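The following pair of complexes shares a single chain, chain A, combined with chain B in the former and chain C in the latter.
Right, the complex of A and B next:
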């Protein structure tokens, strides 16, 4: 990844969680939209991780272009700054269907660090995905690790 | 937008619609995942367009950082290449809940051109969003136009 890109993206986590800078009214509709957009972001992660995971497990033949597309989409999604997606009042105890534990809003620095870790691992995977199956698999692990670290700490179990 | 970025992204529409290069089995689960991920992509468009639209209409105070975040997210989402999202057999006549008209799969070149138009308008908006309300509004129009052009041609009415 080029330095310019890194600089452009490095601060991505800065407004995650605080919701600062987004003056959307915290009414029901805003909360609903917040949960929808963050679930959409997770869905994009899940789909593309599914493609790469299937290749890593040998369930889908490795293809450099497909792997690169998936990794690039993952990196693009993890680089998005959507602070309004983490509107206060949309935690699992306040909003039906949310699995975002209240601890997210109490540990901003840690959550931001975990978001940056995901983005960094994803951009590494972007660089590696087209270089061969082994290279892709090696870079895939840290992305899975970054997902898991955040889910373990901050996601409520599925009902 | 830098030339390098443009080159990196310019071919984004190349595999849209054909689904080529994604050898995911076309079973029910694959179709469901395809519809989910493209709806997620649309959701990310909708959310960020909502933020920018509210600013354009004066419902939300203009803020350069918030506008830039939203425009960057829009550009990132419209630059994603997720050919598997447009799996054949997931049109509105074949898959419940899909509003993607069968014409999408019959007009690949036009759909690709419309996808590229959205991406180009979104990257222009990315460049303009932080420069002031008037600049953002001027660049917002073409993005709305690109959304509308595709929806008018290829999206079934909501039920």
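Right, the complex of A and C next:
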């Protein structure tokens, strides 16, 4: 495990799952905000993935600078440490509108590993995005894999 | 008193009729004996059929998905079903099966010892499989590892625990008729085969009636999840609004057109579909766009 990964682990570990170290009162508002901010973070992922994906699908001409900017935003968002975002009691069984399965709060180590996997894949994508369309596409696949791995295990179906 | 013998006779007749109607399908070894299995082709059938999605151990990833130890639980209105061990283990898997045993199981939902399987095993879709695909799949599955984990018994209450009753259910719902009747190009035909037979997409995406049979009149219009906690989306063209390229790209990468990413069981489906040639994903897209 490299230093970069270690720092990411520590940063993500602190927020993902436990939501610890934050003095957010566990009232309705805090829970609502937690779900909101998680969804907002996913929206940032989706927005930037959309830019890169449109290039990968051939719907948008490849541009190294645009691709790099999108990949950097994605990497920054996936390494973001948002206090209280994973507040206990905001799972799909406890909070209306949440699709985060309760298992997230039971499998801390696995969730952390999956979060780090996304951060690593998007960091690699940052490095590759400006190097050409094929390089960007090759690095794009593992990001999708990281999204899917977490959604498969930890996201409830839509309602 | 006089009525009694008649009642008894009627009951016996009723029972005989039930027994006759609920007979499991016989084995048919001759069909498969003339065919030769191809391991590489069988691997494609394996991915298209999604075998590992249900039969790998719970939480298995990567190469561990090829160990078909079973154990995943499927909670439904009729009880909780546990996917059995279908690895090559001789005692606890299906290592002792013949190719005819596999064909009978897939296409008629009948075990080698002549009992009905519960339709949690999607044989109502696999019934449409070609015999060649059965033989190829058999050839591939014999190359997979053996695992000794014993299969777990299903938790099913009365009356659903009387397997013989499934014979009546099969009379209602088991057939190999195509649902999309006008598949008039090779691509549509391939798409229909992948969707209606191997991919068994309808098993989740089509609603079921009170007896648990698929409502083919509402084909792919979405349904509650088996555990009732969520919804499986409609994938008809009107409901989805995706292009053929969008559908094929989703099946390859898991990304929707707005770059949400597939989750739950569909994430497994995407992993499987990504292993197929791109023409197959295009064929599935063509099929879905031909619905309605």
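Annotations
Definition applied: the second predicted complex is superposed on the first by the 144 of 159 C-alpha atoms of A that agree within 3 Å, B and C clash if a C-alpha of one lies under 4 Å from a C-alpha of the other, contacts with A are read in each partner's own complex, and residues count from 1 in each chain.
In the analysis below, contacts are C-beta pairs under 8 Å (C-beta built on N, C-alpha and C of every residue); 3 or more make two chains touch, one makes a residue touch a chain.
Note that this is a predicted model, so its numbers are computed, not measured.
When the shared chain is aligned, chain B and chain C each come close enough to touch A:50.
By the touch criterion defined above, A:156 reaches chain C but does not reach chain B. A count of residues in chain A touched by chain B and by chain C gives the higher number to B. When both complexes are aligned on chain A by C-alpha atoms, chain A residues 47, 50 touch chain B in the first and chain C in the second. Partner chain A is touched in their complex by these residues of chain C: 59, 61, 225, 229-233, 245, 249, 253-255, 258-265, 267-268, 270-271. On the side of chain A, the complex with chain C involves touching residues 42, 45-47, 49-50, 53, 57, 141, 144, 147-149, 151-159.
Of all residues in chain B, those touching chain A in their complex are 2, 4, 15, 21-24, 33, 36-37, 39-41, 43-44, 47-48, 50-51, 54, 60-61, 63, 65-66, 69-70, 72-73, 76-77, 79-85.
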